[in-house]
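Each of the next two complexes has chain A plus one more chain, namely chain B in the first and chain C in the second.
Entry: the complex of A and B
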C-alpha cells in the first residue's frame, strides 16, 4: 500500500526546492540592497575602513544641494526619454513590417536581433570605432557625400557626445521592441481586422482602431521594462565616453558609480544609487496603479 | 498582369525596402567591425579610408592571441560563463519545478519577487557586493563572478523554465509516482528529458548573460580572472588605441554570442514575450 505523504513534509517540499535560489538571491541581491541603505547613512570612504561614522541623512542632504546630482538627473531624463523613444519608434516600424507577408520574412526576423545579443562593451567599441575622428567610417561617409566640410569629433564635443551614445543605445535596444511588439501584433485576432474592414475602415483606420488598442498592453509593459533597463544601464556610456567630455554624458547611475569607482566615496555613491532606485520604484508603482485601475 | 506587378512594386517599396534599411542599420555596424578585424595593416593608415579592404588577413587575430593576454581573458570568460551555466541551472531547475508542480502559499508572490530583482540598478548592488566580497576574500576569484552572474540572470531563467515545465502534463508525474518513483526520480527521469530543449535554451541564455557581463567583472575581478569584456574596455582606454587588435578582439567575442543567440532565439523571445504579452 502506498504511504500517504505526511501533510507537514509535503508542504515543505516546494520550499526545499526553492531554498538554493532564494538563498543566492538573498545574498547577492537583497543583502546588498540593505547594505547600500546602511552605507548611504554613513560616511563610508573605501580604504579608510575603520572610520565609518554614522551621519544620518547627511548624504541625502548633500545630494539635494549638489548641482552635479541635478545635472546628472537631467541627463538621465534625456538619455531615457530620447533613447527609449528612438528604440520604440524604430522597433515598432520593424515589427509592423515584419508582420507583413514577404519571401524572406523568416530570415529578417532572425537577423533583426543581432545587435541585441551583443555585449555592451562590444557595442561601445563598434560605435567608438565608427565615430572615430580620423579613421571612422561615419565621418568618411559624411565627407564623401558632402554633408560635412570636415570630420566631426563626435565623442569629444559635449553636444554631439550625447547624440552619439544615444545612437549606440538605440542600435542596441530597438530589436527588443521589434520582437516584443511583433509578438503582440501576432496576438491580435484576424477577425478584428475583418470587422474593421466591413465597417469601412481603411488602412489608417484599422491601424488606429484595431492595431494600436490591441497592442497597447504589450506596448506599456515593453516600454516599462525598457525604461527601467535603460535608466539603470551605464556600461555603454562608461565604455564610450566615461561620462565625458567633462560631464556631458554623465547620467545618474554613472555619477553614482564614478563617485565610488574613482572617488572611493561609497557612502555618497550609495545614497545616489538609492535615490535612483526610489525614482524607478515610483515609476513602477504608478504603472501598477494605472494598470489595476 | 499589370495589377500583379503593381502589387509586387508596392510590396517592394512599402515593405521590403524600408525593412532592408532597418536591417542595414542593425547589421552593418557589426559587419564593419568584422571587416575591420580582417583588414591588412596597410589599410589602416590609408586616408581617405577604404570601404572595402584590399585583402583579408588573420594577422590581427593572430597577434592578439599570441602577443597579448587576450587568450587568457577568453579562457577566464569561458570558465565564468560555463560556471554560470551550471550553477544557474542548479539553482533554477528545482525552483522552476517547485513553481510548476506545487501549489503553496506565497507561490505567486515569490514568482513576482524574483522578477523584481532585475529592477534594482546594478550600481546599487555592486558597491556593497564589492565590500562584502572583499571581506570574504572572494575578490578576483571565479566563484565571485559566477555567483553574481548566475544570481542576476536567475529571474529570467526561472521564469522561462517554469513556463516549459508547465507545458509537461502533470499526469506523467503522477503516473511515475504511482509506479513507485520518488519525487527526485520523477524529476530526473520524467521532467528533465522532456524539458531538455527548454533547459538547453536557458543554459545558453545563462552563458550569454555571463559572457556579455561587464560591471560585475570590472568591480569584482582583478588581473587573475579578468574577462574579455573588461580586457577589451582596457584596450580602448589605452593611449595608443590599436584598432586592428581591438576590432579583432571584438569580432572574437561577438561571434559565439551571435551564433548561440540565433540558435535559441525562438525559445528566448517566446519566453520573454510570453511574459510581456501576458503582462
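Entry: the complex of A and C
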C-alpha cells in the first residue's frame, strides 16, 4: 500500500480529527435544515399524513400576503432591538461595577451568573407569578411604595405585555454581557489608562478613549451572538404569554412554532422558519466574518 | 413520505430501549397517560392488572401535558412516525384529527362483548361515540363543568346562586367591589369552556351560520361585556388561565368561576364551607351548555398488541379499578356501580356534577376543534376583550374556522 507523503498526511489529519464533529453536525443540524426546506415546499398538515402535495413556493407566496407574518416580524424586531439593547446596557454597567475592587466582589461575580444559568421555562414561570395581577410581588411592592394606585395587569394588556417579557429577557440575558465584557475589561492593559491619565484624561475621557475602544471587538461579537440567540428564542414568551394577549407578543419564531406545533401545519410552519433563518443569515455571516478574522 | 423519515428514525431510536428487552413474551403494552397531579402513579393498578394477566406487561408512560398541546402533539408525531404507543388516554377534542389520521381502532366489537359495558351510563356512551357512530373511545373518567360560588359572599348580598344569565350578572355585580371581582373569567387557554357556557348556551350554535346569527352575536357581546362594560372580572382576565382563576378564588379575589370537581378538594381546603358549586346558569331560552370534560382510552391501528391493549384499557374502566383510577386523576368514575359510593369529594360537588349532566355538551369532533381550542379561541377572544376587534368580528372568525 502506497503511503501518503508526509505533507498529504498532515493535510488530512485535521479533517480526520474533525470528521466525528462534522458528521454529528451534519446529522443533527444540516439534515433537519434540509428536511425543513423540503417540507416547506409541501402542503404538509400532520393530521392528514396521506395527503402531502408538492406545492412549490406556494407557502412562501402565502406568507408574503399574511398580515400575521408581517406583524410578528415587526414584533420580532422590537423584541430583539429592545431586549438586546437593555441586556447590553445593564450587562455593561454590571461589568464596570464588577471590575472595581469591593469587599464581596468574588461572591457578586458568582451570583450574577445565576439568571443566565436558570432554564428559560423556570424564569418564565417565576416572572409570570412575580407580575401576577392579584398575587404578584411586583404589584404588591408598587402598591406599598405608593407608586401606583391599583395593580397593573402586566401580562393582560398589549402595551405592558411586551415590556414585561422584555424585562424578563433582560434579567435572563444581562449576565452574559456582564461576564463577557468583564473578561474584556480585564484584558485592557493598565498602562493604557496610565497613559491616558498622563495625557490629562479624566474618568469619562478614559472610558471613551480607552475602555470603549478596548472592548469594541468583544462588544461586537457578544452583540452579534446575543442577537442571533434572542431572535431565535421563543420559550420565555411562550411560557409567559403564549404570544398574547391576542397576538401582542407573538414574534416570528413563536408564530412558526404555533403554526407547526399547535396547528400541525408543518409545511407553512417550515416556510416561516426558513424565512427567519434567511433573515438571520445576514447576522450569522457578520459573526462568522468576525470569528474568522 | 420521505420527509417523515427523519421523524420516524428519531422516534424509532427513542423507542428502541423499550422494544428491545420487552419484545419477547410476555406481550408489552405501551400506554400513555397524563395525571394532573404529578405525584399520582398508576403503579398499583398496573401491578393488579399484571397479576391477573401474567401474559401482559404494561409500560405506563407519563407524558407532559403542557396545556394539552404537548401531549397531543407528541401523540400525533409518534403515531405518524409509526412509533406511537399501543394505547393512550385521549380527549374528544382530538377525535376529529385522530379519525382523519386513521389512527383509531374500532372498539365496537370488543365493547359489545364486554361485561362492563352496561355499568357505564348511556349518556356517557352517547357523548363518547364518534359522529360516524363508531366507538373509538372507551370512557375512563369524566367531569362536567359547573359554577363555583362563594356562598358567604352571596349570603352577604342576599342572593341565591344564579340560575339564569341576568341572575348571574346581578350576582357578579353585587360581589364586585374594590379589590374583589364577581367573576373569575378565563381568557387564556382553556377559557373556551367559559365562553361556551354563555355564548353556545345563550343562543349560538356550532352549525353552519349558527355563530353569526343576531342571537349568537348578542350572546357573544354580552359575554365580552362582562369584562369590558360591566367590569365584573379582574383586569388580568384576558390572559388568566387555570391557575390564576383557581388561585383567585382561593385568595378571596373572585366570587365565582367555572371549573369542575377536580379542583373541589383544593378549594375546600382553602375556603371550607364558604365554597359551593351549582350548575352553570342557563341562557334566555332555557338552553344551557356545561362542557363535558371527557377522558377516554383508545387503541391505535398501528399497534401489534391491540387485543392486549384492549384488555388493559377495559380493566381501567371496570368497577372498582375505575374508582381507584379516578381517585388518582381527581375526576369522576364513569361506572354506575362506583358512583354509588363515591366519597372522593364532598357531596355538594358530586351533586353539582350530576345535576349538570342534562346540559353536558362537547365541541364537535372535527379537526377544526383542536385548532379552535389551542390558538384561535384564546387569540381572538383576547383581542375582543381588549377592544381590538368587535364581538361580531370575533364570531365571524370562529364561523370561518369551523365552516369556511
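By our rule, the second predicted complex is superposed on the first by the 262 of 293 C-alpha atoms of A that agree within 3 Å, B and C clash if a C-alpha of one lies under 4 Å from a C-alpha of the other, contacts with A are read in each partner's own complex, and residues count from 1 in each chain.
Assume contacts are C-beta pairs under 8 Å (C-beta built on N, C-alpha and C of every residue); 3 or more make two chains touch, one makes a residue touch a chain.
Computed from a prediction, not measured in an experiment: that's the story for all the values here.
K.L.:
With chain A superposed, do chain B and chain C clash or fit?
P.N.:
clash
K.L.:
Classify the contacts of A:249 with the two partner chains as first (chain B alone), second (chain C alone), both, or neither.
P.N.:
Neither partner.
K.L.:
Looking at A:87 after the superposition, I want to know if it touches chain B, chain C, both of them or none. Which is it: first, second, both, neither?
P.N.:
neither
K.L.:
Identify the partner contact of A:72: answer first if only chain B is touched, second if only chain C is, both if each is, neither if none is.
P.N.:
Neither partner.
K.L.:
More residues of chain A in touch with chain C or with chain B?
P.N.:
Here the partner covering more residues of chain A is B.
K.L.:
Just to be sure I read the superposition right, which of the two partners does A:232 touch: chain B = first, chain C = second, or both, or neither?
P.N.:
After superposition on chain A, A:232 lies in contact with chain B alone.
K.L.:
Return first, second, both or neither, reflecting whether A:42 touches chain B, chain C, both chains, or no partner chain.
P.N.:
second
K.L.:
So, A:115: does it touch chain B (first), chain C (second), both, or neither?
P.N.:
A:115 sits against chain B, while chain C stays out of touch.
K.L.:
Quick check on the superposed pair: does A:277 touch chain B, chain C, both, or neither? Answer first, second, both or neither.
P.N.:
first
K.L.:
Now for A:158: first (chain B), second (chain C), both, or neither, which partner does it touch?
P.N.:
The second partner, chain C, only.
K.L.:
Quick check for you: in the superposed arrangement, does A:262 touch first (chain B), second (chain C), both or neither?
P.N.:
second
K.L.:
Which one hits chain B, of these parts of chain C: 41-49, 59-67 or 221-229?
P.N.:
It is 59-67.
K.L.:
Considering only the contact definition stated at the top, list the common interface residues of chain A for chain B and chain C.
P.N.:
On chain A, the residues that contact chain B in one structure and chain C in the other are 31-32, 35, 39, 46, 132, 134-135, 261.
K.L.:
Quick one: in the complex, what on chain C touches chain A?
P.N.:
1-4, 6, 69, 73, 76-77, 80, 97-98, 100-102, 187-189, 234-240, 244, 247-248, 251, 253, 367, 370-371, 374-375, 378-380, 382-383, 385-386, 388
K.L.:
Within their complex, state which residues of chain A touch chain B.
P.N.:
2, 11, 13-15, 17-18, 20-22, 24-25, 27-29, 31-33, 35-36, 39, 46, 90, 93-94, 97-98, 100, 102, 108, 110-122, 124-130, 132, 134-135, 137, 140, 143-144, 171, 174-175, 179-180, 183-184, 187, 217-218, 221-222, 225, 228, 231-232, 234-235, 238-239, 253, 256-257, 260-261, 266, 269-270, 273-274, 276-277, 280-281, 284, 291
K.L.:
For the complex, which residues does chain A have touching chain C?
P.N.:
31-32, 35, 38-39, 42, 44, 46-50, 52, 132-135, 151, 153, 155-158, 161, 241-247, 258, 261-264
K.L.:
Can you check the complex and tell me which residues of chain B touch chain A?
P.N.:
That would be residues 11, 15-16, 18-19, 22-23, 25-27, 29-30, 32-33, 36, 44, 47-49, 51, 90-92, 94-95, 97-98, 101-102, 104, 107, 110, 114, 117-129, 131-132, 147-148, 150-152, 154, 158, 178, 183, 208, 211-215, 219, 229-230, 232-233, 236, 243, 246-247, 250, 253-254, 257-258, 261-262, 265, 269-270, 272-273, 276-277, 279 of chain B.
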